[in-house]
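Labels run A, B, C and D following the written order; every chain starts at residue 1.
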Amino acid sequence: MGWREKLHEIIYEADTPAGKLFDIILLIAILASIVLVMLESINSFDTKYHTFLNISEWIITILFTLEYIARIISVKKPIRYIFSFYGIIDFLSTVPKYISLILAGTHALIALRALRLLRVFRILKLARYLGASNHLANAIKASRAKIAVFLFAVLIASVIFGTIMYMVEGEENGFTNIPKSVYWCIVTLTTVGFGDIAPATPLGQFIATIIMILGYGIIAVPTGIVSAEYTKATNTDDNGLSDEEINILEEVHLNTQCCANCLEETHRDGAEYCFKCGCKLHHD
Amino acid sequence: MGWREKLHEIIYEADTPAGKLFDIILLIAILASIVLVMLESINSFDTKYHTFLNISEWIITILFTLEYIARIISVKKPIRYIFSFYGIIDFLSTVPKYISLILAGTHALIALRALRLLRVFRILKLARYLGASNHLANAIKASRAKIAVFLFAVLIASVIFGTIMYMVEGEENGFTNIPKSVYWCIVTLTTVGFGDIAPATPLGQFIATIIMILGYGIIAVPTGIVSAEYTKATNTDDNGLSDEEINILEEVHLNTQCCANCLEETHRDGAEYCFKCGCKLHHD
Amino acid sequence: MGWREKLHEIIYEADTPAGKLFDIILLIAILASIVLVMLESINSFDTKYHTFLNISEWIITILFTLEYIARIISVKKPIRYIFSFYGIIDFLSTVPKYISLILAGTHALIALRALRLLRVFRILKLARYLGASNHLANAIKASRAKIAVFLFAVLIASVIFGTIMYMVEGEENGFTNIPKSVYWCIVTLTTVGFGDIAPATPLGQFIATIIMILGYGIIAVPTGIVSAEYTKATNTDDNGLSDEEINILEEVHLNTQCCANCLEETHRDGAEYCFKCGCKLHHD
Amino acid sequence: MGWREKLHEIIYEADTPAGKLFDIILLIAILASIVLVMLESINSFDTKYHTFLNISEWIITILFTLEYIARIISVKKPIRYIFSFYGIIDFLSTVPKYISLILAGTHALIALRALRLLRVFRILKLARYLGASNHLANAIKASRAKIAVFLFAVLIASVIFGTIMYMVEGEENGFTNIPKSVYWCIVTLTTVGFGDIAPATPLGQFIATIIMILGYGIIAVPTGIVSAEYTKATNTDDNGLSDEEINILEEVHLNTQCCANCLEETHRDGAEYCFKCGCKLHHD
């Protein structure tokens, strides 16, 4: 096994001690970078500890850059990684700091680093934990289309009610234009209710009442869909297998091997070749 | 097949390439008209691009007028279309612009065009997609009466609590009259909580607490009804047929034929005559 | 059948044309009285139409007084009616107007008339409609105790978090005392969020975040209970009887007879004697 | 049975009349202490009745101190009680008052006494009542992990959206720093919506719309999980036993015996020795 395979195993997998250590360090670095960006955004804190924050951020940036380079050289097809979702995020979380040396103002882009938090899901394999026996995932998948159409209906209702409210309340009560009126309508339908804009005329308040009761009534629909689909998903695989047995069956995929060629991650335990691209997987 | 049948097929159906193209153009025109109305309502935008907006709107209005005339002449009983729900909306979305030439101020009515968005449901046949196997539609139908009575109970509670809050808080704290007090009560019960009016006396805050906990407790009821009815609807048709098979059975109706006489839309695939009025359907 | 029995049948039952007419007139009178009280509370309206409102209210008050007297004399045990829930409300909705002749200021009590709205449920027999096959009623009954304990837990959490927020935020940020702080906490936990009080210190906002996420998580519990109990209630009576058959079985009680002695209302259709007190029921 | 065993039975158990009386007095004392702390926090009330409040509080404090000492001496291993969860709370609810004699300012800590409210659950054995047949407890236990991961996802989404809103809205619209922006994002996602901070730019309002619709859509997930798990928990033990029978089986544990050695509370009815530490339980 060459050094590139070794590096790939450390960075992309978590079956070896080195791989686990790498994941833990990466996790800490990501969280630290988020905390740094947050602290820096607090003016009183930034003016006090500017030098400390700046140095810490350079350290994090260099670490992320090294990780980015290591990820590129350890993969067989670097282009695939560079243009993958995580590849772009990894790039965007290092570059702004370098550009800020030349151009002022681009520094704010460093906040894009928050997107790296998404990698936490990958590291902790949370998605898998969540859907231990895939019930929830199946329920959400089954409800997705229905909820999307439902939310689309909510949007159309918001446009119609928003336009009506604009005509009823007018500019003097904060409904300065239709987009703002639609925004208010969504704020109300979703029961958020900021109160930055609120109807002032009796007719406007009456229509607002209808919108709110509508919102109250329809919040039941997506909830009903998810819970019914989840109940269904839970029942359908009760085909004689206990939850334990199902877990064992599914744990076949629960090793952390990751193909160096196509970055596919859900391999069988004894697999010697990637089931997707046929590339050889490495073993100790 | 005469030109009127041809026109009917293009406008009301979507099985031919021309029919599909018409639907797509109509969809774009509706969305464009909504965007135009929105942009026009933004003052800063309107003063800058007034001429552009005005011309665009005349184009849209003329297109809609042509469509309206085409719809009337291609149908056998135009009166039926003119006084149908969509017929009235189509009329209301063209007329205000013409009246605005003579009378000022009626221009605001152009916002009624937002109601044309409802046609999006028809074009995309969303309602059918939503209830692929009609489970959700059945669940909502089964819960409708119960949720209506439930919302009625919420309304009565709002009137009673609203009156109490008016007596407790009085005009100095924003509860200037009972209708406003009832409005506040609905805002609170539905957990929207704008905060434009908020209780200021300790007793008023205590009653508000009761209203909120009540609202929190009863939000569970409609949700419970919908999810239980949906579960029930999903279970009852598990009569040996898989979801796939049910879909096939239902897709019998999934062609887009529309009777030129009575505008009925849910015909069987091989149907030669309208099942509702007996009028001959046309085929290629 | 004496005139008292006749009067009882008209006022308390709805099987005869006269009884139905009485119910409809009562319904209209109640709604009219509510609208009157509401209009009177609007200052601008009251100053304009004061005489009209005053006269209308006297008419309603006299009608309600006559109804109250009729109810008392047509019942065998007037004391029972007078001290029943509805008896007290009926009394409270007439008396304040008379007192307002002698004492000023008591007029506001007339708003108590809103409580008469509860009789709408009785007139429309809504409760029965709601629970056609009693599923919902059973589900709510089964969940009541659990939801009560749950709401009690929410209350205790509010007291504890409210006290903590009072210590953290202090008087300068609107948390002037612990009861107000607890009130804010309930406003937040129930996701109402008026915004009349809002945390201003970073620590306070952090604790608020915990409260909100907690509130978001626990809103699932009562909903879950109701929907599960409702599903259960719907399933348990699936003992070979269709919903139609169950309705027929239950409609045995759906006549409107009301015992003149104990005011019990759920009699069997052919019943000659009240099942509760043994008093003879009248028939045409 | 020595006086220490007797004391243990009175304080920790509720099977004897003396034990029940002790529990009721304790319950009243806790509620009184909470009311006292609340009243004291209201400035106008505190200045008026300062002496009365101070004396009442000293009485409560001395009662709690006596109870604390009694709890220590009646238990075989006092250390275990002192460092138990309730032991620490009991200590914290007496000490601040004594310290306030020497040090000023520590008085505010007396509000920690609100935590004693948690003992209400123990006294009323509410937790047991709640989960009569343990369905709800099981449902919550089964959903806990999934809801936790779900809330974690909500948190990550809040950090990402919060950062974006900070970049879009900036300091001039109240989004002064990223932590505050994240706080706003959680306020919005949970549909609380205080309105102390609200987006002012069109782009910010557009992103807020996405966040709200997202929050509206995902509120369905935890609810769906709990209700499905609860339905499942209710169904799985339908193994021929009625709810009544299950209650009888479970009531085996429903005596209030409490081991004087290890404070374990769920003993069988006829148990002579603690099942956990083997220590002899006392009987009358």
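Everything that follows uses one rule, which is that a contact is a pair of C-beta atoms (placed from the backbone, for glycine too) under 8 Å apart; a residue touches a chain by one contact, two chains touch by 3 or more.
Please read these numbers as outputs of a predicted model, since none were measured by experiment.
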_Proportion of interface numbers common to chain A and chain D (over half same, under half different)_ = different
*asked:* With a Cα-based fit, what is the angle in degrees between chain B and its identical partner chain C, given to the nearest 5?
replied: 90
*Quick one: point me to the chain whose Cα centre is farthest from that of chain B.*
D
*Distance between the centres, which are taken as Cα means, of chain D and chain A, whole angstrom*: 32
_Inter-centroid spacing, chain D versus chain B (mean Cα positions, whole Å)_ = 45
*asked:* Where in chain A do residues touch at least two different other chains?
replied: 179, 191-195, 219, 223-225, 227-228, 231
*Over in the complex, which chain D residues touch chain B? Could you list them?*
191-195, 223-224, 227, 231
*Using the touch definition up top, name the residues of chain D that touch chain A in the complex.*
145-146, 149-150, 152-153, 156, 159-160, 162-164, 166-167, 171, 176-179, 181-182, 188, 191-195, 198, 202, 205-206, 208-209, 212-213, 215-217, 219-221, 223-225, 227-228, 231-232
*asked:* List the residues on chain A that touch chain D in their complex, please.
replied: 34, 37-38, 41-43, 108-109, 111-112, 114-115, 117-118, 120-121, 126, 129-130, 136, 139-140, 143, 147, 151, 154-155, 179-180, 183, 186-187, 189-196, 219, 222-223, 225-231, 234
